[in-house]
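One chain, chain A, links the two complexes that follow: it is found with chain B in the first and with chain C in the second.
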Partner chain A sequence: MEALEIKNVTKKYNNFTLDNVSFSVPQGSIMGLIGENGAGKSTLIKAVLDLVNKDSGEVDIYGKKHDRKAKEIREDVGVVFDSLHYHENLNPSQISQISALTYKNWDEKAFTNYLSAFKLNEKSKIKTMSKGMKMKLGIAIALSHKAKLLILDEPTAGLDPVARDELLDIFLDFMQDETHSILISSHITTDLEKVADYITFIHEGKVLLSKPKDELLYDYRIVRCGESDFVELKEEEGAVWRKHDYQYEVLLPTGKMLESKYTSCEMERPTIDEIMLMYIKGERS
Partner chain B sequence: MKGLLKKDHILLRDYFFLFVMLDITISVMNGGMLLLSRRDTCVRDVGRLAVTSYILVTFVQSLINQTFNDDEKSGFLANVFTQPVTRSEYVKEKYILALQLTGIFAGIHTAGIIIGLILRTEPLTSDAMLLLAEIYILSLAGALSLSFNSISMFMKFGAGKKGIGVRVIVLLPMVITYLIWALNVTRDNAEFHIALPAIVTLLSFALSLFLFPMSFKWAERREV
Partner chain C sequence: MIFLEIIISSKTNQPIYEQITSQIKAKVMSGELKQGDPIPSMRSLAKSLHISVITVQRAYEDLQRDGFVETTVGRGSFISTGGTEFYQEERQRQAEEHLMQATEIARSSGISLEKLIELLTMFYEENE
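This part shows the complex of A and B:
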């Protein structure tokens, strides 16, 4: 079953179009949404959450159509933005009181436990918290109403490596329940390499690829070669290349299968960062 | 919706107590004025209540505006629409809050007036009673219409500069009218003097009734 299914979502602005985006997040998996700044990740998340008016397309969450009237579905969805969208004068205890009146499944005990685990004082006002503490509070809120699907928009942006690592552990912990799923957008691809099962790469409002992470990391190859090899390599299926001063860099989606064909070339497994960079900066036939 | 009310109650607590204290002070002054006014000057004294009633109008509107500014600037507006809360419920909550605040401030206001009237040794003249009733109804209608109009304007234009500008434009005729009235600028034309605030307030009230259903539609279309 798909936890989240995005079908042909289009949103047009004057200078940007989120163009016919489709992909799905299988139940029990983490989908990493990557792309450079301005690629459309946040717009897509807003479209998924119905915060903006879509020009076309549909979003299904656990098989049910999600629109502005579908408040029941939102009981199952926890959302964490890149900053904590609560008033700075509130404290966690007050947020708990408010959330208890908002969510049917609000679990005050679980919330208190998360606060203790994250070393957050329930009486400290949000404005006194660091960025990392605010993100942890946002996640504690999302987890305490028993959400099954987490939608996270750049949750690790601006955090130091220790705080980022702690957050990733929290996400992995959440995924211990097989019915849980996460859609996480980030331009810190190393984070996604650690936790994501699938990667969707969005560029200039379009989905360039949506694949299992392992396929990207184990099947793709990056080749650095001279002119003579390049002529042959660029004809391979899906090849993307960049010309440097003295060599070519070629990304081959089917690289693993081609290793035996190009024995003279040194093939390496690319990182997600390198794949992203090649698709953004590279040329294709 | 209960959660939203709780949130606004918590966040408005400090401002609210300050305004309640001011309202109590005004209420005591009103009661004292009614208690001490002489029979031959009571109409003029009651007329002075117009100024304090105007303060009631601004209390409610400023508190409602405060919640909008907080919601938009903190990003809560985007957050709340990801929660199991419909946009209609968000708008309804603001109207309920406006009614609650108007009820509380008007209640305190009324208490001062009633105590003043009860303790008076001689009754007010019928002219003064009529004027008192008119002031009271107009300030209630004014408070409700301005806060309701603020809600509609926020749904359409947001809490930014554009939204503030539009809200000031809606508020301005009421402010000018109340000032004209309170300063007795039109006292030479008695009928006009009484009719002007009534007409402006009723027009504002009619506008708020017209905008009421629109505010729900605008909320549905609003992008956050």
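This part shows the complex of A and C:
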């Protein structure tokens, strides 16, 4: 079953359109949502959460249509934005009291356990917390109302490598249950390169690709070559290229199969960053 | 659960799923892992290695296809030695190919059989 299914979601603004976006997050998997700033990642997440009115399209969560009426679905969804949406003077223990009123499934004991696991003090006010601590608090809240689907917008932005590594641990712990799933948007692709099962790449409001991460990392190839090789390489299926002063750079989605055909070229496996850059800056036929 | 050493590097050219399969195969071939030894669940291995579940799944599927791992629903995954014979043959065929190449080079450039055997013995013992 799909944990999250986004079907043809469109949202028009004056200067930006989220354009017919469709992809799904299978149960038990981590989906990384990537794209440059302003590509539509946050707008999409807001549309999924029904925080903005969609012009058209549908969002299904664990098989149920998610809209204004579907309050019970929200118990299953844990949301973490890049900032906490609680008053700065509140402390975790007060948040627990508020959450007990908001969520039917609020588990105070689980919350206390998460706080101690994340080394957060129940009585410290939010305003005294570092960015990493706030992020962990947000995740503790999401996990304590027994969410099955975690939706995180830029959770690792602004965190140091140690805090990011700790977050990955928390995510993978959560994923030990096969019914759990995560949708995580980030422009720090190295984190996603480690743990994501699938990658969806949005650019200018459209889905450019949505694929298993290993396919991108192990089947795609990037070739740096001269004019003579380039003329042939650009004709390959799905080729994207950039012309630099002294060389061409060509991204080949079917690169793994082409290695035996182009033995004179050095084919490298691209990183997610390189793939993103090629699609944004590159040319296509 | 036995302590299973799997060392993953993201710097090498070998895909992570291949690093897992080749290391588990090597342990089965060397006898370090035996028939029926339990191996970690896909999700727990993914967690401890900080890699995606799908990557581990692909490694386990390859190992299962090659007869090195058996998975029983509800009980987990276990080492199977069913694939060792085939794997041994396969590896021997690879070694034969390389030796044939070496022999051809030696013959065409006047390197004696004695010298070749001497070299082979040296290489074999050096890595032991």
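Observations on the model:
The rule is short, and it goes like this: the second predicted complex is superposed on the first by the 285 of 285 C-alpha atoms of A that agree within 3 Å, B and C clash if a C-alpha of one lies under 4 Å from a C-alpha of the other, contacts with A are read in each partner's own complex, and residues count from 1 in each chain.
Methods note: a residue touches a chain if its C-beta (ideal position, glycine included) is under 8 Å from a C-beta of that chain, and two chains touch if they have at least 3 such contacts.
Keep in mind that this is a model prediction, so the values were computed, not measured.
By the touch criterion defined above, A:H85 lies against chain B but remains apart from chain C after alignment on the C-alpha atoms of chain A. By the touch criterion defined above, A:N113 reaches neither chain B nor chain C. In the superposed model, A:A196 makes contact with chain C only, not with chain B.
By the document's definition of touching, of the two partners only chain C reaches A:M175; chain B does not.
Once chain A of one complex is fitted onto chain A of the other, the partner contacts of A:D214 are limited to chain C, with no touch recorded for chain B. In the superposition on chain A, A:S124 contacts neither chain B nor chain C. By the touch criterion stated above, A:D50 is placed in contact with chain B alone, chain C being left untouched. When the two structures are aligned on the shared chain, A:T102 is found in touch with chain B, with no touch to chain C.
Chain A is touched at more residues by one of its partners, and among chain B and chain C that partner is B.
In the superposition on chain A, A:S93 makes contact with neither chain B nor chain C. On the chain A side of its complex with chain B, the touching residues are 46, 49-53, 68-69, 71-72, 74-75, 77, 79, 81, 83, 85-90, 94, 97-104, 151.
Every residue of chain C that touches chain A in the complex is listed here, in rising order: 10, 13, 15, 17, 43-44, 46-47, 50-55, 58. The residues of chain A lying in touch with chain C in their complex are 28-30, 165, 168-169, 172-173, 175-176, 178, 194-198, 212-214, 217-218, 269.
Residues 2-4, 6-7, 10-11, 70, 74-76, 78-79, 81-87, 220-221, 223-224 of chain B are the ones that touch chain A when the two sit in their complex.
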